[in-house]
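Structure below; questions to follow.
Chain nomenclature is as follows: A, B, C, D, E and F, assigned in order of appearance, with residue numbering initiated at 1 for each chain independently.
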Amino acid sequence: MPWFDLSERELAQYRTATAEPDNLDLWWKSRLEEARAAALPPVLTPYGADAYGPMAVWDVEFSGYGGDRVRGWHIRPAGSGDEPLPTVVCYIGYGGGRGLPSEHALLPAAGYAVFVMDTRGQGGRWTLGATPDSGFAGPEHPGVMTRGIATPETYYVTRLMVDAARAVEVAAALDGVDETRLAVSGGSQGGGLALAAAALNGEAVKVCHADVPFLCDFQRAITITGAEPYAEISKFLAQHVDLIPAALDTLRYVDGALLAKRITATSLLSVGLMDEVCPPSTVYAAYNEITAPKEMAVFPFSGHTTPRVHDERKLRHLRAHL
Amino acid sequence: MPWFDLSERELAQYRTATAEPDNLDLWWKSRLEEARAAALPPVLTPYGADAYGPMAVWDVEFSGYGGDRVRGWHIRPAGSGDEPLPTVVCYIGYGGGRGLPSEHALLPAAGYAVFVMDTRGQGGRWTLGATPDSGFAGPEHPGVMTRGIATPETYYVTRLMVDAARAVEVAAALDGVDETRLAVSGGSQGGGLALAAAALNGEAVKVCHADVPFLCDFQRAITITGAEPYAEISKFLAQHVDLIPAALDTLRYVDGALLAKRITATSLLSVGLMDEVCPPSTVYAAYNEITAPKEMAVFPFSGHTTPRVHDERKLRHLRAHL
Amino acid sequence: MPWFDLSERELAQYRTATAEPDNLDLWWKSRLEEARAAALPPVLTPYGADAYGPMAVWDVEFSGYGGDRVRGWHIRPAGSGDEPLPTVVCYIGYGGGRGLPSEHALLPAAGYAVFVMDTRGQGGRWTLGATPDSGFAGPEHPGVMTRGIATPETYYVTRLMVDAARAVEVAAALDGVDETRLAVSGGSQGGGLALAAAALNGEAVKVCHADVPFLCDFQRAITITGAEPYAEISKFLAQHVDLIPAALDTLRYVDGALLAKRITATSLLSVGLMDEVCPPSTVYAAYNEITAPKEMAVFPFSGHTTPRVHDERKLRHLRAHL
Amino acid sequence: MPWFDLSERELAQYRTATAEPDNLDLWWKSRLEEARAAALPPVLTPYGADAYGPMAVWDVEFSGYGGDRVRGWHIRPAGSGDEPLPTVVCYIGYGGGRGLPSEHALLPAAGYAVFVMDTRGQGGRWTLGATPDSGFAGPEHPGVMTRGIATPETYYVTRLMVDAARAVEVAAALDGVDETRLAVSGGSQGGGLALAAAALNGEAVKVCHADVPFLCDFQRAITITGAEPYAEISKFLAQHVDLIPAALDTLRYVDGALLAKRITATSLLSVGLMDEVCPPSTVYAAYNEITAPKEMAVFPFSGHTTPRVHDERKLRHLRAHL
Amino acid sequence: MPWFDLSERELAQYRTATAEPDNLDLWWKSRLEEARAAALPPVLTPYGADAYGPMAVWDVEFSGYGGDRVRGWHIRPAGSGDEPLPTVVCYIGYGGGRGLPSEHALLPAAGYAVFVMDTRGQGGRWTLGATPDSGFAGPEHPGVMTRGIATPETYYVTRLMVDAARAVEVAAALDGVDETRLAVSGGSQGGGLALAAAALNGEAVKVCHADVPFLCDFQRAITITGAEPYAEISKFLAQHVDLIPAALDTLRYVDGALLAKRITATSLLSVGLMDEVCPPSTVYAAYNEITAPKEMAVFPFSGHTTPRVHDERKLRHLRAHL
Amino acid sequence: MPWFDLSERELAQYRTATAEPDNLDLWWKSRLEEARAAALPPVLTPYGADAYGPMAVWDVEFSGYGGDRVRGWHIRPAGSGDEPLPTVVCYIGYGGGRGLPSEHALLPAAGYAVFVMDTRGQGGRWTLGATPDSGFAGPEHPGVMTRGIATPETYYVTRLMVDAARAVEVAAALDGVDETRLAVSGGSQGGGLALAAAALNGEAVKVCHADVPFLCDFQRAITITGAEPYAEISKFLAQHVDLIPAALDTLRYVDGALLAKRITATSLLSVGLMDEVCPPSTVYAAYNEITAPKEMAVFPFSGHTTPRVHDERKLRHLRAHL
């Protein structure tokens, strides 16, 4: 796939054309307060010692949006006991859930604790999920980008971003987590959630890693790419034309490009100039709003993926800033 | 797409290898009684006279599974007043909802009343839906075949089939519907629902039309086709291998090939011998169980569609049997 | 498929770069006079009462281009006798023929008579045809866009547009048709023919509905889309390079964007901004030439299709203007 | 593409299940006599000396089916004057026409004269054609497999096979052609025509080369492959179900597997065991009927193509047998 | 993708039809002795402490086939010093190279040392490689399955399997490796290499993990799948038909299904019944030859991948058997 | 595929943005001198008289890059003895090798001698090759665009271009070749090699034919097309991001757009305006640098192919200029 979006020079200047809702901070404050009001304490259950041996793993359940119980993993390096550790809260790409601890061993191997948030109602496509979206009995085959899109209060992504913000709060309070050294991290949808969590948790997040992030500059994205998952929205609106104005309004409340200016974490983003799934301009739409210290890793020949060497850059960035 | 399934001779003999759950009738009786217990009266609102003129249209809302309000259309021929008419209850294919009345004009033009059932949680792909699955705020982009699949009580298809059975009961009680002349009809998912509704409503249904029906002989279907929507299930179970036994058990409760022996309606089914979406053997799995008067329209060169001439065969079949 | 053509602002201003042939009106006058000179009276045969019951259907045969006999359907609302009714002449999309009356029941159900024109030499791909192109024995698998393209006189589209213009004349003269209340209508190729018929019949047509019309601004279309059927022409000219000048000249005679300025009917067009088959600029190329009262239904997320709600807009438009 | 058809052992035994029409020889005799009765003398015009230099080329026009004028090339080795030479009549694959002399230089370079028959109504897809099907003004974008399929007399393939048989008669009578040393040759459609021409011309043809031939064992082919051009027929019959019996009957008259037993030429066929376009069993259906001396070149890993080394085998076969 | 290969019952019984070369053990003995004779000591260079922190990583270079220097990684758990550890030798799937240490952190996190072998001449498609095939300057875009296929001595896979066998020998001799507790492991090509390494190293390997292994039962594989990389061979032989006998002979020397009977390690294989890339029968062809203790993880709905839960099964299997 | 590159006006003005290495002429001089220094005399072996009869064919082996032995064909018109003839040196498209003499008969039939150069390490995809890349045992399935790309000295394309330049020198010295009348010719990769050979051999080449040439303006090509073979490079660099600067530098040494200004031959190039494989601007990047007499054949509707009529234009151009 060749370059199809703005030129590199234009990308550096690009600002989203979507206007922020007047009441955005207040609106999110209400969402988070509702969630906190309905929250029960997290439950951590030891998991999988017969497989993982010295690496310590807990199966986590905590309260997310509206008090819904969200699953996750808490994983610590072998032999770290309950020493307070710098901790990375991780979010997962579209269609995936928390998976299994085996998928999250890099950071513990390198000395960090991790807190992996499951993705409600996802997790049947390429890895496992264990969290239903409100009221259902289990994980599903994906297709959630238009669920409840008629209002921001009912929209799936609102619930998911509240979960993401709550995950930071919950992780910060765990034994063995150094609450002054928290990072958020993820790729694609996970990157969009990392940006949202960094924006919604403010100073509580010290480092934000967002690779080829999804959930940014929706209104442009749905007109310049035909690739899913953005295209779930455009295909839906192709039939539900009467919902177009309401849906576009809803998307403003959960747009990473509008939330990004609230980020205070030291940030490292990445972009693939051949990324048709999360087009470069939508990534820059978020990046260009961040006023905190920031870096962009630009991969001129990458699509919707990052090269493996970026793993090491992120590890070095963590060591330098967390 | 060439012939890929059993030969025509084998198809005529084929019987599903899936065993019926011991308690199937009782189980379904409980589901329907729960739904009736939670039901409120249907609400009918006149619709679209500025567009449809003499054709009479009502926007319907009735109580389906667990009392959930399900939308639909009731449409009557121009000038028919409230004369009791033979009535066809119609179900929609996968990904679609009730759509608009304009899509259902053939039967009214030809002198029949129709009652179109919306499809909960569907209706964003190729036509419109207006009914959320339990508790959500509106229709969604589809992908529902694995929702709640861990148990038959929580499975999406259970809810959908209860809606379908309830639609017949509700339609039968409407003014202007001749309850002794009810048919059910649909193609693909709509065909699977027509079979289920005919099976679950017994003598109340006089005629059953099911074109290239979906939701039949699931356990075979998911091993012989890679096409969606059956493949939603196989792809999900490719990751959720621990759920395979439970999911296969769940599918037995909603399998059209197991329900079909309960059908007493005069039935007309159709099959495309090149149908990769609903493979021929899965259609025959249901057809071969029906003991009521029945016909199969065999289309040797068709995939997952019926030729237009089959519309006229169904109209003639209605005139002869309803 | 994302937006790939001009921006909305540019579309509103866009004018075709193709020059009209000097003698275009005269040339078409000759074509129509030749057809009328060779015409025999239409033959109408009652059809399908066992299927359609009260809806009245005739199998029609009338004289089109060069006197060739073209098939069609005349369908009237149940119980309308021979009362003069407002009538819609309908044209079919590429690859399709007149199909069966069951496909055309909406307008009769809503109180209008319809006259459906078969498409010569088409009708084997997604519905039925019954009219050969000159001299052949029956309908064919499609692929007609380059037939006779070396001169406008021998070009397939010329024959088809003469058929379309003749269909209006024939319909106007039928018993039970109110010749002062005639509309033309169609989508894609049918939309292109509706535009052509409105242009060639002048005041005889009161309302013109053309959805995502084909056959407009050919010279641009064949350079900006790789999708068939426009691409039949570009692929042909990739080999027959010596024919390029002649073919481009031929296309000027049948270009809806050049014919459109002759339309006097109140017009309702539609466009999908993600339509790769009939790109938005080619639709606007026709629309922007119309000087009669006109509306454009713009569907920002649609490809080469219209959402179902547009059906109701067309019905309301008919009630207001026919 | 893997092996998908019968095993090699089964292929060696396979016989078509299609029954020959009772009157097949008589029927073809009538077709050929009609053509001869309407024939005018061929016209040969020197062509392209500025390009081809010493290689002698004539643009040919001769009378085929019903007297229709068919184009072709007659090409002779440099310096051969009008010496009587062994001559190969060549037929072209589907979608192609006679092309240009540059495409047919191998045989003249190696000392043979060639007579290339154009393909009526084809020649816009991958090379050039110059012969319209009856009554049209020029070549077309292809799609002819269902043209006139309702009866054998009106079927396109009938016309094409009469052209092919006539090409042998015409070539035999040209100056500089040694009528006792005639071969027919072609691949895919050209192979099917070579078989038909060998069958219909009997002893006049000494050698027959048919690579991966099309037009054989139609009734099986259309059920075991979904690839065009066989699939043009199955897709057409998916809609035109009423035409299925007539179409299957028509196909019997032009089936290479039924004509093949009439071949007396020394024959060399080829087959690709991974050929989805012309499945192996359909090639063997013809081969297994030939009673003349014959060889089959079996390519176990080839699809619908022959490896280049087969060119040399054919040249050696010509030197040995022509 | 549905089930397309043998039934489960047939798979359990299936034996390869390919005959073992008479001299297979001797032949491999010569290959390995040549490699050992040309070998230089391995070189280990500390790597990436700024990224990986406490996890110990060395960039390895050792002598493989013919003395060619092959790269790899040696990675040990944080804090393990030079304590002798159970060690897993890992091989990579087709197109990939050793990648980066970040991709191999699970085993170290769980307490094992790993030795990752780079894949000569691969590593440009989905992860990194650093080892040229003999004589080239660096890694390449892949496509190596036919390199040198004319004889077993020149074949690429021979070189690769010698590398794989040598990797076990080299790992066994490293400080901090418990040579009595060595496993081999990999998926796809890596699984094929694990089988080969286990076969060629005999008792030195205690545990063998081979997921959906490639490089087994080649002669069948290239006739039943059209997917790469097996199809690289069939496509090559489609042109190079003269090489077919020699190539089929070469493949016998490197066929995992023929080598497997030499395995003495406790083995855990996996198979996806919908795997088109490495068809189930070719996996069973190897599995059914193993006489050592063995298990097969059967994934009925998986293609060419294993579900994540299999990671944990492999970890538990390692704890039980290594 | 529609027009996707610059407009025709922009194409006429377009100049590559890639800067020429300072020492380019010197660098190439060294490469060629190294090759000449290592060269042995060519060997010509008569070939295939049983197949080709009077056409004279030799299997050629000559010394290319670094003295590597490269195969080829020398073919002469029937009856030409050893008369000095104008001769065309031919190069082959990507994935192909020299093939067989049967593929190169046009020029001998028309009176020219040809010298066909095999393509090292290619020739397994669509025709045959017989020349390994340095040190391997035979031809391969392709994928060579990134082989040795880290430096210009190790790059595959360098070796290939040296072969191409050497082929001209070797052909010029053969008996029966008129060294004052030499042309180079090829399409796609063959076109890129023809340009390189013309540039590197200077006055020795009188005519250069390059159809839709590859290997030009690499740095732009890899950002505007996602089609292989250019995309082999971009996909490789998507992973090997650390190699991007070195690879871009390497590409400058073998860029046809930078070499082209050295061409003195009368040149005929061609371009398809819908060519996604070798985008139009990259063809013009070379064409616009040529200062010798030149013509561009522009095919507005062609992709990566030329229409057959271009064969005749090239023959006429040869007769006029060679």
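In this section, a contact is a pair of C-beta atoms (placed from the backbone, for glycine too) under 8 Å apart; a residue touches a chain by one contact, two chains touch by 3 or more.
This structure is a prediction, so every number in the text was calculated from the model and none was measured.
Q: Spell out the chains that contact chain B while also contacting chain F.
A: Joint contacts, listed by label: A, C, D, E.
Q: How many hops, at fewest, get you from chain A to chain F via touching chains?
A: 1
Q: Taking each chain's centre as the mean of its CA atoms, which one is most distant from chain D?
A: Chain A.
Q: Sharing over half of the contact pairs with C-F by residue number is what counts; pick that pair out of B-C, D-F or A-F.
A: Of the listed pairs B-C, D-F or A-F, the one copying the C-F interface is A-F.
Q: When the Cα trace of chain D is superposed on that of chain E, what is the rotation angle, expressed as a multiple of 5 degrees?
A: The rotation relating chain D to chain E comes to 120 degrees.
Q: Provide the C-alpha centroid distance between chain A and chain B, rounded to the nearest whole angstrom.
A: Comparing mean C-alpha positions, chain B is 39 Å from chain A.
Q: Between chain A and chain E, tell me the centre distance in angstrom, where each centre is the average of that chain's C-alpha atoms.
A: 36
Q: Where in chain B do residues touch two or more other chains at once?
A: 127-128, 235, 239-240, 308-309
Q: Provide the full list of chain pairs in touch.
A: So, checking each combination of chains, I get A-B, A-C, A-E, A-F, B-C, B-D, B-E, C-D, C-F, D-E, D-F, E-F as the touching pairs.
Q: Taking the complex as given, what residues does chain A use to touch chain C?
A: Listed in rising order, the residues are 222-226, 234-235, 237-242, 244.
Q: Which of the residues in chain D end up touching chain E in this complex?
A: The contact residues of chain D facing chain E are 1-3, 272-274, 299-303, 305, 307-309.
Q: Mind listing the chain E positions that touch chain A in their complex?
A: The contact residues of chain E facing chain A are 48, 50-55, 77-79, 99-100, 102-103, 105-106, 108-111, 127-128, 307-309, 311-312, 315-316, 319.
Q: Touching residues of chain B toward chain A in the complex: what are they?
A: Residues of chain B touching chain A: 123-128, 134-151, 154, 232, 235-236, 239-240, 243.
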